[in-house]
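After this come two complexes, each holding chain A, first together with chain B and then together with chain C.
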Partner chain A sequence: MSVFPYLVAAWIFLVGCYGLATSRNLLHAVGCLAVCQSSTYVLLLAVGFRDGGTAPVFSDLTPGSRPVVDPVVQALALTDVVVGATLTALLLALVIQVSKRHGTVDPDELSELRG
Partner chain B sequence: MSRRLRMWVLALGTAGVAVLLVVAYLELPGFGGDSHPYGDRAVSAALAHRTANVISSVNFDQRGFDTLGEESILFAAVLGTVVLLRQTRDERQVEPAPAPVAAFVRRYAVHALPVTLLVGLYVVAHGQLSPGGGFQGGVVVATALHLLYIAVDYRALERVRPLWLFTLGDAVGEASYALLGIAGLLWGTAFLADFVPLGTFNTLSSGGTVPLLNAAIGIEVACAVVVLLARFLDQAVEIEKAR
Partner chain C sequence: MNQLLPLIVAAPLLGAALLVATGRRLRRIVAEAVGCAVAAATAGLAVYLLVSSSSRPLVEWVGGWTPRDGHSVGIVLVGDQVALGLASVISLLVVAVLAYSWRYFDEPPQQQTGTFPALVLLFQAGMCGFVLTGDLFNAFVFFELMSVVAYALTGYRVEEAKAVQGALTFGVVNSLGAYVTLTGLVLLYARTGELGMREIGRALDARGGPDALVLVAFAFVLTGLLVKAAAVPFHFWLPDAHAVAPTPVCMLLSGVMVELGVYGAGRVYWTVFAGPGGVAPSDAERALVTLGTASALVGAVMCWQQRHIKRLLAYSTVAHTGLFLVGLGLLAPDSTTGIALYVLAHAGVKAALFACAGILLDRYGSVDAHELHGRARRLPLVAGLFTAGGLALAGLPPFGTALGKALTEEAAGTPLTVLFVGVSALTGGAVLRVAAGVFGGWGPRPSGDDTYETGGERENPETSGTRGRVPDTMVAVPAVLLACALAVGVVPAVATHVGHAVDEALPGTASVVPEWTTTGVLLGLLSALLAAAVGTYAALHPPGATARDRTAPLRRLHSGHIGDYVAWLLVGMALLDALTFPGYLAS
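Our next item is the complex of A and B:
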């Protein structure tokens, strides 16, 4: 039972990979990449969880009075969100240009080079 | 490769990765366990530097250099998007036509705008104390401006959003983060190390450099999101193929 949250992360990652590989639409593929990435949030937060733990914020909590969850993985998840969001924006911009230049967003039809 | 063969390769690959992941996860410490050596050390380091929000302390003090890299990724991605979505030679810009807005939508957005702006600035300013910080607050601030697009129309948004200013703000945010790091060097400590007085725990001025770096990130993220959305909105509303 204690590995179940980790397995959820693996499942989300593999579902995202399946979507990426079978995608017939670049917009859909960008969405699938976001799904792959969200598996890392689940994994990070699962690694950092502590039974009975609360948020590692001491503005209304006396230090040492309660266990807190691991702040390091939370900071990593925050990094992940920011990088993921900007990467998605960049990829969507690429999709817009591909659709304008080639008139299609099906990766199978994008086999030839064009200036 | 035929589609059928490709599916077989995919099935084999995913099954292999799944097995490896499960084997790796069985070796991890159990979910919810009490052993978090890095977490415990991060908490005591944050408390020693009088930062109430440990996550902000990890991001802007203990791992400040990593955040510089993360911020640079954000900056580069925005730069790439701006380059990719610029108007090309065979395109022209059209004046967007005003669209009718339902009265209650307009009323809601006009009232929500100042509140959202204030909440965003609050979240940036209290990053060292309560959950939030520059990244989250910056996005909220940028969202607030775009309520004007929902409430009135694109031209109203363009009037409150001089794009050159936000492009400049993006660069200023990025530069001031690096400059704060160099200031630490000039002060006689290390790059991005804490060099300003730590202040009183749980007040706005606590945490040493954390609030300053937080503000730099807040400026960069707010400006970056505005610039990004402006480019995408341009594509949707203003740029057309020339006839």
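Our next item is the complex of A and C:
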């Protein structure tokens, strides 16, 4: 297994963080957070990959007859997706409220909490 | 008995589901009674398991997926005495919070009855699951469950500008931390093929000495937990979130949720990384003590500078979790026992102080110490509770905070003792200064001319209209919580039990029975006296503009800007790596 997928995961994470740190729009920031999370999907699937392995669906596959990729990481990735969906929905709802109450979604203009 | 363990998580989940399904058709009193009953039943179950379980921890493989040939794919719950004790504290505090909010909120809108108790029950399930799980991925899932509910509860008053902003910052920073933790645990899975904490630890030890990947995984896993524990420089979200959340929610956030980050860090270290294949104790100690000291200092200085009372209490939480991290980072059984007692008593004290702040907000529509100056003279009972809370925070014997602090100081040595006394005195002094000004009207009215800070005036009270007097439940809850904090220090059985629980949870340690010593009592009295002195002095002589200017650079870092906080999180990750690596490079 090459190191390439791991580099991709690290790159996606850093790109997401860069976007979060420099974002001028909260919707964009929430999107960047989702980008950061995608790096964990890539990492998970890269960890479970096996050369020549097929999908771990045993309904049409005799166990042990051929290599399969790790089903555990797929379950983890699926859980991760659920967590991410919940979170993104909640954060977007909060952004809508910020936009309504503050009249802006630019983090530079939100200065009520400081010091 | 083992089979009862999952019920601690499942019962509040089912209660929340019930309230979500039927809540809007129920009358408020029914919905809240159901919430209280479910929380109390869970608390009873946790306490029952805590008291009746023998010295061996309860271990339950959920769904019967037990390990085969040493490999596991199932999810394990581990109920040792520390975890069950924490689950009991969480559940009891949830009951207290539901009782407090009984008369606290306005009548909810017709369609939303039951929303608040349902969310609090979900929160309870997430926190109990987090302390009980023995599986690292499951810990991440419960971590996210409690976090997401915490964001929702923080932004519960969606009509308020500050509340939604604080909740959003809280959400973004904590979730980013959680994803870093997830990355770390995936790295561990890649190395060992296991997800159970003990199984990972065993597999790492079987491989021999640690390598760079293990150290990186350690720093990554710790990042999310330290974000939750609000260690500097991961702490920026905390004051923003705690200052704007509804008061009953603050009681839970500051009382137990933040401490769960410290607990998680400790549990992960002892269970996964303490062996020969993990991280050397010196490296872990360096990382935790350094970050803990920084948090304690920054928290104490920022706490002293606040005029927003809830924000002041939030920074005092930063300072105290810093102290907890220092005690944990010493990796000694004595200091860990001390920290366990300290956390226990701190939960009661901090929740009581927030409850008192909630009464002020309810009465006067403000939590600004300057604006409230001398206005709360008519609440002598609340004044007494608030002062007692301040003294307990400063470590006045015989409060449990003092006992825990004294034990940790004895294990920590002189330089750290100075830190403990100084930070306790400063945070306690800040609370006492507020008490003297707001309830006693001491000193001249401070001028509110500072531009760079969050004031607390013109807050929307969370209740409508002024009632004749403060509802009994809202005074009784902080009184009971303070009494519990007192009991932790006064009743020797509590201390002995905590001591045994910690000994049993930590591998290969000698049993220490925690008890008061002369030095401990004197140090506690010293920090309480110092707190009273600085508090009184500051109330009588409000600081001038020059004193504030000196801390201006530090205050300006807390800019309330999400991007800044994310950048600090990355800096903290790099710092954590830098602190962990020297031992590995030297070997």
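Methods note: the second predicted complex is superposed on the first by the 111 of 115 C-alpha atoms of A that agree within 3 Å, B and C clash if a C-alpha of one lies under 4 Å from a C-alpha of the other, contacts with A are read in each partner's own complex, and residues count from 1 in each chain.
Here, a contact is a pair of C-beta atoms (placed from the backbone, for glycine too) under 8 Å apart; a residue touches a chain by one contact, two chains touch by 3 or more.
Keep in mind it's a predicted model, so treat the numbers as computed, not measured.
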According to the stated criteria, A:S111 is in contact with first (chain B), second (chain C), both, or neither; which is it?
second
Kindly classify A:S59 by the partners it touches after superposition: chain B alone (first), chain C alone (second), both, or neither?
first
Which partner chains sit in contact with A:V98 here, chain B, chain C, both or neither? Use first/second/both/neither.
second
Let me test your reading of the model: by the given contact rule, A:S2 touches which partner, first (chain B), second (chain C), both or neither?
first
Could you say whether A:V69 touches chain B, chain C, both of them, or neither, answering first, second, both or neither?
first
With both complexes overlaid on chain A, does A:G31 touch chain B (first), chain C (second), both or neither?
neither
May I ask you to decide whether A:L87 touches chain B, chain C, both, or neither, giving the answer as first, second, both or neither?
both
Tell me which partner A:F49 touches in the superposition: chain B (first), chain C (second), both or neither.
first
Name the contact category of A:L78: first (chain B only), second (chain C only), both, or neither.
first
Residues on chain A in contact with chain B in one complex and with chain C in the other?
13, 17, 21-22, 47, 72-73, 79, 83, 86-87, 90, 94, 97
Touching residues (chain side chain A, partner chain C) in the complex
9, 13, 17, 20-23, 26, 29-30, 33, 36-37, 39-40, 43-44, 47, 72-73, 76, 79-80, 83, 86-87, 90-91, 94-95, 97-98, 101-102, 107-108, 110-115
Listed in rising order, the residues of chain C that touch chain A in the complex are 73, 137, 141, 144, 148, 151-152, 155, 158-162, 164-169, 171-172, 175-176, 179, 182-183, 186, 189-190, 195, 239-240, 243-244, 305, 452-454, 555-556, 558-564, 566-567, 570
Could you pull out which chain B residues touch chain A in their complex?
6-7, 10, 14, 17-18, 21-22, 25-26, 28, 30-34, 36, 38-39, 42-43, 46-47, 52-55, 57-59, 63, 66-67, 70, 73-74, 77-78, 80-81, 84-85, 129-131, 135, 202, 221, 224, 228, 231-232, 235
In their shared complex, chain B is touched by residues of chain A numbered 2-7, 10, 13-14, 17-18, 21-22, 46-51, 55-59, 63, 67-75, 78-79, 81-83, 86-87, 89-90, 92-94, 96-97
